[in-house]
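Across the two complexes that follow, chain A remains constant while its partner is chain B and subsequently chain C.
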Partner chain A sequence: MEALLAFTRPPLDWHALAPELTLLAVGTILTLVDIIWDEKSKQVMPTLAGVGLLAGLVPILTLALDGTDRAMFGGAYMVDDFALVMKALFLIVGYIIVLMSVDYIRDGDYYENEYYTLMLTSLLGMLMMASSRDLISVFVALELLSIPAYMMAAWRKGGRRSNEAGLKYYLMGVFASAIMLYGMSLIYGLTGSTSFSSIASAMALNDGVTAMSILGVLFVLIGFAFKVSAVPFHNWAPDTYEGAPTPVTAFLAVASKAAGMVALIQLVFVAFDNHEVIQPFFWLIAALTMTVGNLIALRQTNIVRLLAYSGIAQGGFMLVPFAVAGQASERALQAIVIYLIIYAFMNLGAFSVVLAVSRKTRSGELESFGGLFQYAPGLAVAMTIFLAALAGIPPAGGWFAKFGLFRALLDAGGAWAATLGVVVAINTVIAFAYYARVLGQMWFQPIHEGDERPIKLTSALGSALVIALVATMAFGILPGLVGHFGEVAVLSTLGR
Partner chain B sequence: MVDTIVFLVAAVICLTGALGVILARNPVHSALMLVMTLFGIAVQFVSQEAHFLAAVQVIVYAGAIVVLFLFVIMLLGVDTAQNLEIGALPAQKWAALCFGVGSLALTGYIILAVDNPVTGRPGMGGAIDETANVRLLARSLFSNYVYAFELTSLLLVIAVIGAVVLARKPVKQLPEEAGR
Partner chain C sequence: MIVTTSWYLVLGALLFIIGGVGLLVRRNPLIMLMCVELMLNGVNLSFVAFSKALGDIGGQTVVFFVLVVAAAEVVVGLGLIVAILRRAPGSTADDLSVLKG
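Then we have the complex of A and B:
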């Protein structure tokens, strides 16, 4: 009996948990509103969800102003600057995706209310991921963000393609989770701990390179490689991206991928110290992902599929700094964080334009962009900027992301880093080829099916477009903005 | 003495279930027999003082996996309606009653044999020591892993919501929608 009483509740820092609790509360409110007002509540759902996401930014701001690192649950949950930067990114991305979804989901025959609840839950998982410094938390966060995403991919229930998208994503995701769990159990068996810092010190004691630790580490990394759709674990991505409702595709391509990257960052830079295993693995995966993604993208005729493969290739670029995580850890981490932030906005922008155009043309084919400039010059210019950013042409934001990659590679030095740099350079050129094809369609081709009606941009989609556009341009012209976030994130993660 | 009795009873339950899985002609019966076997094994675990394994055995195997079996079997369409009046032998009802009372008695024994958390009285099997698996597990579940633990419950809720939405057939065009 005394033993039962002796248990004391672990101290909870409510301020540190506030962003997650806000999302949880908003999700609950959405569900309640749905239950009480049923169909009448459809109109307010997206507004509520959007306001809720923005409300989540408030505690993040106050936490950032406060500036102290907060650790809870024996270090399993950390709120430091890295976590805050990533949480803010997830919330803003979530807000933009809600804006993109409003009309798409309302026009189609979808269940609206549950859609937003699922998305908020998935975002909650992402926020949790940014703070998790423990294998179990990371796993729960991963499932929390993935399972709603599986269902959102299949949200167009009547469509066979959407069903295929959901099922493929689900099966591959579960498969990846199983592999990852196996790896985690090996690591736990080896080090006797689930917390990242203890794993790092235990591995340092054992020299880190035993067959079992290599297997464990690789299995965990492979699990997340599925999540960020790195080649050769990418086969689910194109079909899922094409079949899923387009806003969900944007969600998967940006938010979900970013969450996978956040997990990888924490695993590689905090938990696993055995760089002699990790670096060659990431070298190979990054080179493969960039090259395969870009080469297949060259042959695509469907714009969403093209963006899917371009997203795979961009993921490859993001994996590059992991290959020099040992030699140039600071620069590498900074490069990844900056790339993630910029990629989020430019890719969301491109998806917004695709959504706007396909609302009129009802087509996902590349030809539907034909002559866009003649009847929707604004959209054509915006798309040009986003594609230029994705290709890495200044002054649009993407150049700074690529610059960060090269800087990390140069800092690391050595033959391997140099070869990877060459691969990156070649891939940048290949990527330009297919982005240019879209540009060519918009500027020089005849109008698709001769339909010259202008495109009516709804206010929600328009705002999403404007936010993405402003951010993309701002990051390109004032790279110090995003660079600052990168530096802040680096200091807190590596200052262990 | 008590151990032997528990072992024998549980062993009979296990073997009957196992035989039932093989011999039953109806796949639903086979699945239910499997539950019986798994429960028997859980009892064996308890008598070996592996309380956590016993709980997992019941929750994961009997609770989740077999129920999944049943779902799949039913989805695949074993829907031949069975008339309960005709097929049943008279002895079956009594056998069911005996098994039910027996299981209840066994549960009661387990409750008595282990520590009573309400009264704090040690059970017949002796006091549980501080380092017992279940207690340590509960402690870490509600201290270091409480956040992940609580969010898992959210995960389950949301999975159910999503699954229901995806699986639900649109019954009819809703009046509000038709009007728009």
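Then we have the complex of A and C:
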């Protein structure tokens, strides 16, 4: 009993926690409003969620202006510049997805109110992930972001596809987290600590690579490889992406993948700094993910599935810099952060166009894009820009992301980096082939089912499209904008 | 015969492997869920064994988090399974194959 009374709460930095607390408060308010107002609440839900996400950006700005690194719980929870950059990205992505969801969810026959609560909860987990510097907090953040996502994937409760999407995602997700946890237990046994900085120093002392450390590091990395849908751990992704409601697909393909990447960045660059197994592992899965993702994307006829495989391949591109994490750590880290930011906007843009078109055609097939330019030239041009960005054609944003990859590979030098560079180059060409197929449909094919009615763009979806479009073009024309965030992240993570 | 830490570690690894193989082999969603629990308990055992061997309380703290989170996961998983079985009684994982390609 005395031991219980002697407990004192560890000091909390309320300012540093303000973005998370904002999300938590808004999520709670959403639930309360849902209970109290019932029918009327449907109207205010998306507005409230959107305002809440934007409000979360305010403390991030004040924290960025303040500029000091804030550590809590013995360094398990860090709010530094890297965390702030990623948190801002998650909140903006969340806002765009709320905009994309409004009409889609409202049109469905399903009770819509929990949707936004679940999404805010998942985003809360992502914000936590950006700050986690300890195996325990990484695990809790991962589950906090995954569990609501399982439910969102199965959102259409009565739909066969949505059920299947949810259960596949769920089973693969819990399998991956069990593998990751087992790896964590081995690392804990080896280093005697769960905090990233202690793990790094203990691993530096333990000279010689033991089977236990290889197994531990590999298992943890494999757990996150599931999350970022890297080949050969990608099986769930296409099915889940196709079966889930399209805004949820966008959420999984962008926000959830980014959260996995954030965790990998911290693990690779801080906790397992320079472990021998890291570079070969990432070399292999980056090459596999790019190649397999792109090759399967070539023969897809469903646009959402095509974007799913394109997302897998893009994830492969993001994994490339990890393969040179040792030789060119600064450039590599910068390349990943920049790729993440640009990918978020260009992919969300592509999904917004798909949503807009499928609202009219009620189809996810590639043919439904036939002749889009003739009756919706604006959407066709926007889609062209997003696909050009994904393919890496200037001036749309994606070229700078690809440029960062090559710069990191060149900096690292050596035969392995050069080979990987060749794989990246080949894959960029393959990717262009299937993006071009979508372009061909839109610009040169006859109109799908001869239906020439124009597409009515709702204001929310339109705003999502405009934000994504402006960001994609701005990053392409003024790469310094996003490059700056990359540099900030490097400084705070590597401390050089 | 003295039971040392490595016995517990081996047992933990065995539980983990049995759970993992079961998850990949079995086709009943409920059994698959139980296999995940088995894997997580293998993890817990290995955390506790390491914690005892190292004389560090941190590993046992992890177990609390794993237990709580696993409970939350199971709630969601059972919800999904109920949603599926209500629509198609007696479904196995193999019946869930509308989506492929």
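Note that in this section the second predicted complex is superposed on the first by the 485 of 496 C-alpha atoms of A that agree within 3 Å, B and C clash if a C-alpha of one lies under 4 Å from a C-alpha of the other, contacts with A are read in each partner's own complex, and residues count from 1 in each chain.
Criterion: contacts are C-beta pairs under 8 Å (C-beta built on N, C-alpha and C of every residue); 3 or more make two chains touch, one makes a residue touch a chain.
Keep in mind that this is a model prediction, so the values were computed, not measured.
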Have a look at chain B and chain C on chain A after the superposition and call it: clash or fit. fit
Considering only touches as defined above, state whether A:167 meets chain B (first), chain C (second), both or neither. second
Counting only touches as set out at the top, which of chain B and chain C does A:72 meet: first, second, both, neither? first
Applying the document's definition of touch, where does A:242 land relative to chain B and chain C: first, second, both, or neither? second
For A:300, is the partner it touches chain B (first), chain C (second), both, or none of the two (neither)? second
Chain B versus chain C as contact partner of A:39, first or second or both or neither: first
I'd like to know which partner A:181 touches here: chain B for first, chain C for second, both or neither. second
Where does A:7 make contact in the superposed view: on chain B (first), on chain C (second), on both, or on neither? first
Once chain A of both complexes is superposed, is A:121 in touch with chain B (first), chain C (second), both, or neither? first
Touch check for A:192: first (chain B), second (chain C), both, or neither? second
How far apart, in Å, are the nearest Cα atoms of chain B and chain C after the overlay? 5
If I apply the document's touch criterion, which positions on chain A are contacted by chain B in one structure and by chain C in the other? 136, 139-140, 143, 147, 150-151, 154, 157, 166
Show which residues of chain B lie in contact with chain A when the two form their complex. 117, 120, 130, 135, 139, 142-148, 151-152, 154-155, 158-159, 161-163, 165-166, 174, 176-177
Give the list of chain A residues in touch with chain B in this complex. 1, 3-4, 7, 9-10, 24, 31, 39-40, 72-74, 76-77, 111, 114, 117-118, 121, 124-125, 128, 134, 136-137, 139-141, 143-144, 147-148, 150-151, 154, 157, 166
Which stretch or stretches of chain A touch chain C in the complex? 135-136, 139-140, 143, 147, 150-151, 154, 157-158, 160-161, 163-168, 170-171, 174-175, 177-179, 181-182, 184-186, 188-189, 192-194, 238-239, 242-243, 300, 302, 305
Residues of chain C defined as touching chain A within the complex: 9, 12, 16, 19-20, 23, 29, 32, 36, 39-40, 42-43, 46-47, 49-51, 53-54, 56, 58-59, 61-62, 65-66, 69, 72-73, 76-77, 79-81, 83-84, 87-88, 93, 96-101
